[in-house]
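All chains are identified by letter, namely A, B, C, D, E and F, in their written order; residue positions are counted from 1 within each chain.
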Amino acid sequence: MRPSKRALDEMRPVSFERNVARYAEGSCLVKFGATHVLCTASLEDKPPQWLRGQGRGWVTAEYAMLPRATHTRSRREVTSGKPSGRTQEIQRLIGRSLRAVTNLPAMGERQIVVDCDVLQADGGTRTAAITGGWIALRDCFEWMRARSIVKDSPLRDHVAAVSCGMFEGKPVLDLDYAEDSIAETDANFVITGSGGLVEVQATAEGSVFTTDELARLLALAQKGVDELLALQKSALA
Amino acid sequence: MRPSKRALDEMRPVSFERNVARYAEGSCLVKFGATHVLCTASLEDKPPQWLRGQGRGWVTAEYAMLPRATHTRSRREVTSGKPSGRTQEIQRLIGRSLRAVTNLPAMGERQIVVDCDVLQADGGTRTAAITGGWIALRDCFEWMRARSIVKDSPLRDHVAAVSCGMFEGKPVLDLDYAEDSIAETDANFVITGSGGLVEVQATAEGSVFTTDELARLLALAQKGVDELLALQKSALA
Amino acid sequence: MRPSKRALDEMRPVSFERNVARYAEGSCLVKFGATHVLCTASLEDKPPQWLRGQGRGWVTAEYAMLPRATHTRSRREVTSGKPSGRTQEIQRLIGRSLRAVTNLPAMGERQIVVDCDVLQADGGTRTAAITGGWIALRDCFEWMRARSIVKDSPLRDHVAAVSCGMFEGKPVLDLDYAEDSIAETDANFVITGSGGLVEVQATAEGSVFTTDELARLLALAQKGVDELLALQKSALA
Amino acid sequence: MRPSKRALDEMRPVSFERNVARYAEGSCLVKFGATHVLCTASLEDKPPQWLRGQGRGWVTAEYAMLPRATHTRSRREVTSGKPSGRTQEIQRLIGRSLRAVTNLPAMGERQIVVDCDVLQADGGTRTAAITGGWIALRDCFEWMRARSIVKDSPLRDHVAAVSCGMFEGKPVLDLDYAEDSIAETDANFVITGSGGLVEVQATAEGSVFTTDELARLLALAQKGVDELLALQKSALA
Amino acid sequence: MRPSKRALDEMRPVSFERNVARYAEGSCLVKFGATHVLCTASLEDKPPQWLRGQGRGWVTAEYAMLPRATHTRSRREVTSGKPSGRTQEIQRLIGRSLRAVTNLPAMGERQIVVDCDVLQADGGTRTAAITGGWIALRDCFEWMRARSIVKDSPLRDHVAAVSCGMFEGKPVLDLDYAEDSIAETDANFVITGSGGLVEVQATAEGSVFTTDELARLLALAQKGVDELLALQKSALA
Amino acid sequence: MRPSKRALDEMRPVSFERNVARYAEGSCLVKFGATHVLCTASLEDKPPQWLRGQGRGWVTAEYAMLPRATHTRSRREVTSGKPSGRTQEIQRLIGRSLRAVTNLPAMGERQIVVDCDVLQADGGTRTAAITGGWIALRDCFEWMRARSIVKDSPLRDHVAAVSCGMFEGKPVLDLDYAEDSIAETDANFVITGSGGLVEVQATAEGSVFTTDELARLLALAQKGVDELLALQKSALA
């Protein structure tokens, strides 16, 4: 029995609330259980400096947690003057995941910044951010299409992400904070609408894992992502 | 006629949603029209270093805006490595305002950090933060009382804040962003439940103001604060 | 009886020494009693980046204290890598005050930086800085006029500032450090030569203040500023 | 045919030179072809602050590249004042990998810092750093055992790492810089002496990958790691 | 003929004004011609962290220039977040020079910080700072002796400093800014009251110098320092 | 007898290994006994911003130590966010020394960055860096000449550096770390191939030194530099 009482292959309740930010070109408040992430997509009419003149656009992401998103208050990163290693790792992952399903040349020389701000954290913030960030990005592209900034949406596919872990020797889906703290292995999977793998990151915590366990975690993730993709589609309907 | 079509002495719709943050000892999502600020109060069992051993507690505040709280995206302050002058000015004001109604020795040697994170900004973020931050602080003190950490609440009074401005030669209440941009004078007032003044900050923008105008702005602010105090009381009922 | 033995409405001895900095376009060593601030105005032939191409100039201020300006040595701000919140608040106030009496378009696309460095601090450093900074700025504009960089001085009026406070229930003028430490309310007023208000900042320390008290502090400030304006005029004669 | 002319499953020449740093408790210059990393293990007699009093030790890693390790000179990270996201990601990975084979309580309350400084970079610096860092760590533990600081070596197993990638639709082993730049998928595998997986990080570059491809990359990595483990053993003989 | 019209071996007018800082334990405004440096000595009752428990004190120095001490305004170092290399070099030199004539164990476990703030810069700021800093330090030690904090002054000797340079092939004494800019060699000498050398720093600018030239510069410096020592003694009389 | 058992005027074994960095235009691993410094010269096709359009090039240097180059591990400077005063002092010295023998206009509008990274430190790292950095710079200029980027090498002369010190009242050559720690005076000399002095930096440690002692240290340095120049020439043969 997992701490959350969920079945081994059971996701938390997931919801997407679109258009929550009055000024952003696209936005989504995504909830994976008690994990809440506010995602906004902001269109900028110039790509980053290093990309100018190459006829392509760029999608990047930034990630942060409110100080009291967590059980105990965390210091704001501005206080130490720089984002932590963990923050940078996560925002790089979100950016890569969203770019994997974007036709960058079709964007023109523009940049979209997807901000993922964690209002409340109960495990799986990076997977929620990718999954909800995709909605914000998609709506931003629709906003651009409605204004004829692009002819067709530069988005090529859905993308969603979920975490899995080995818990008491069994693979479990969508770890919350309590489960994540005691899992032996922690893995994040980013998968497209057509089933292609974008990122696999599996880390032993405490004990190593086997090839077979990795395969079982991946199979479970595919089940979870299928559900997320269906929910993304409903949210857009 | 003001841009918002409100009467000169009309506040925007104001609401307080309590207990919005699962982990914080006190929390409140405050809305002044389209300005939305998430306030959390976090209890820490030690006062700041410089206050140790003096038998008193401390209340401090931090303030930040999400990057896309505004019409165009703002860079995160962590990127430049330090909070801006504006941010520091605001968080110092919030802290002073809340301490003005707190019995610091009655808190014991503890600290409460009130985080005010602006989810959406349409003018008046600092006044919303003070008014909603008071609710979060109050609920944190109740949380402490319920656990016998303090015997009585260290809170001595309500506190609320509102902005006023001279607009086309007339005093107007509770400026939104569009009004703030064109007001000739911009003033913020922080007032307690018993009508005492805690802070008055009036700034000429474009043209100077007179003693008489300051008095009229203050009278208007008192009307607005009376409404805010009544709404705070309803929210606690 | 106030600690300084001065009458309630008595300023400290105030003096202005012009042209104290060999290289600056305008400079003034201002003394409010034992508070000594060296103000220099430096002309730069470009406005700040964000103002380019708008046909206007800019006046900005920077403020700092020498480490041993104070009773005990303060750490240099460069050591912590950023100006404190207090420093930023003060330099923003000085800049706004000087811009309030400057015709920015008449300056052309230029910037004047007014540096206010506190050599010795005994309370009221920000008000001394505004009052003496105005002299430095005025002499910088004269320097420009003498070289036909501007046809007429872009300065529209005098500006001066003074602090007042409630001390043992009575309003007192021009607080020194000892008085400031024990005042119940601390207020700063910035007023132009024609009597217009530029800034009013009143803060409760320990106990709140009333509308009537604010009016009495303001009346006292007006008396003090009248004296400062007369002294500015003598210094220029 | 891969750019390096190597067979698809062929590693670059790998060598370990031990005791290259006169002062370090353990050190190793590891070469994976033209990628050269100097690894030193430094024993410190205190664990990090957050671990004090828990009866356990800690192994951490730091990673950096000399400015001209690369084709074109890179700016030193000290110039921008903080390690890049990439650097932090890599040093966190090295640290986790080495801790996965260390018995932390057996170390006592001490810390070992493994510094991995890239003298020359031709792809695969992180995998070389893990593989060579293990040698430095092992020799540090031997140094401690020789001085009776620990009774038995706290090292539980070997650990080694290698990168693989999909290149023109085929899985290839141990990518150099030229290959890495054009691979469709880039994956890093960290594997213990007994064949347990410690980390799997696979990233789509340009096109997504399949479950089957991931399995083939993993099989290839296991072949490569077997060779690395044999070379580690020879180096210690 | 040198630009300043002085004879080759002629110092600028030098003066010392003691007790210029109301709060400092020792202070001196030193002028070498148009170079003006305000030196304060601040007693702290603890030595720096790394020296605790060794029964010795410490003397350190900090150096800065006001933004408009120079012909064109310089950015404050706090703006870039760190002292420049030049600033650090100078403050390390001042500290070493003053420690060279101080009996550190006789100070007890205390620290004196000598702040040297350049109000106006016309070349030779570091040599003026050492020479005037010595006066401030001496008066601080007298302050301590008067209060029986130390029995005898921990100061063992005078110290003074002067710059020399090769100018059109001839050695000249005490370079001002205009001369320094065109000198072929620039040298600073720090010498004690008993004629011992503390620091010699000679740098070729444009063309190298010979052993003989170094000897001639040194002889000239000794003449200049003799005059400075006599002036220090007068100032103390 | 000096701790190293060397004769008073005996250098440590010195060697230069050229072309050690695969990608750099010039490189040299220089060893002064156990002090090992990796020097690379990197050609950049633009001069620094402040030199643009003046028809001249620039040579600059950066210096760093690997964390475990020393007896006990040093914190990386990136951790504190800025290079230390010592680092800045050294890299400014290396840059000045190399520029003293370079014809900057002959370089064209380009920059060469000489990176000096200390792999192992046993005293004299700055003198080794200058002496080895010269080799790297020379090979970079040859690389440019071979590609007709410059017609003739912009290098005008050799330059080399050595440290000397007073040890038990006697001048000794080329101090290692143990000797440096106990020397009474520590001096660094930078001298060109034709015998011109570029830099003389002599510092009293513990006791002052005399004019005569400085002359003897200088004579010894000239002997050491003669040997270094001969070794540079052999290395290029």
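One rule holds in what follows: a residue touches a chain if its C-beta (ideal position, glycine included) is under 8 Å from a C-beta of that chain, and two chains touch if they have at least 3 such contacts.
Computed from a predicted model, the values in this text were never measured in an experiment.
Trainee: Give me the chains shared as neighbours by subunit C and subunit F.
Mentor: Where subunit C and subunit F share a partner, that partner set is E.
Trainee: Would you kindly give the rotation angle relating subunit A to subunit F, two copies of one sequence, based on a CA superposition and rounded to a multiple of 5 degrees?
Mentor: 120
Trainee: For subunit F, which other chain has the most distant CA centre?
Mentor: B
Trainee: Counting shared numbers against all numbers at the contact of subunit A and subunit B, is it over half, same, or under half, different?
Mentor: same
Trainee: Could you work out how far the Cα centre of subunit D sits from that of subunit E, in whole Å?
Mentor: Computed from C-alpha means, the inter-chain centre distance equals 51 Å.
Trainee: From the C-alpha centre of subunit C to that of subunit E, how far is it in Å?
Mentor: That gives a centre separation of 33 Å.
Trainee: With chain centres taken as the means of their Cα atoms, state the distance from subunit E to subunit F in Å.
Mentor: So the centre of subunit E lies 28 Å away from the centre of subunit F.
Trainee: Roughly how far is subunit C from subunit D, going centre to centre by Cα mean, in whole Å?
Mentor: That gives a centre separation of 59 Å.
Trainee: List, in ascending order, every residue of subunit B touching at least 2 other chains.
Mentor: 81-83
Trainee: If you start at subunit A and step next to subunit D, which chains follow, in turn, all the way round the ring?
Mentor: A, D, F, E, C, B
Trainee: Quick one: in the complex, what on subunit F touches subunit D?
Mentor: For this pair, the touching residues of subunit F are 21-24, 27, 34, 38, 40, 42, 44, 62, 64, 66-73, 76-78, 81-83, 113, 115, 117, 119-120, 122.
Trainee: Please name which positions on subunit C make contact with subunit B in the complex.
Mentor: So the residues of subunit C in touch with subunit B come to 81-85, 88-89, 91-92, 96, 100, 187, 192, 194-204, 207-211, 213-215, 218.
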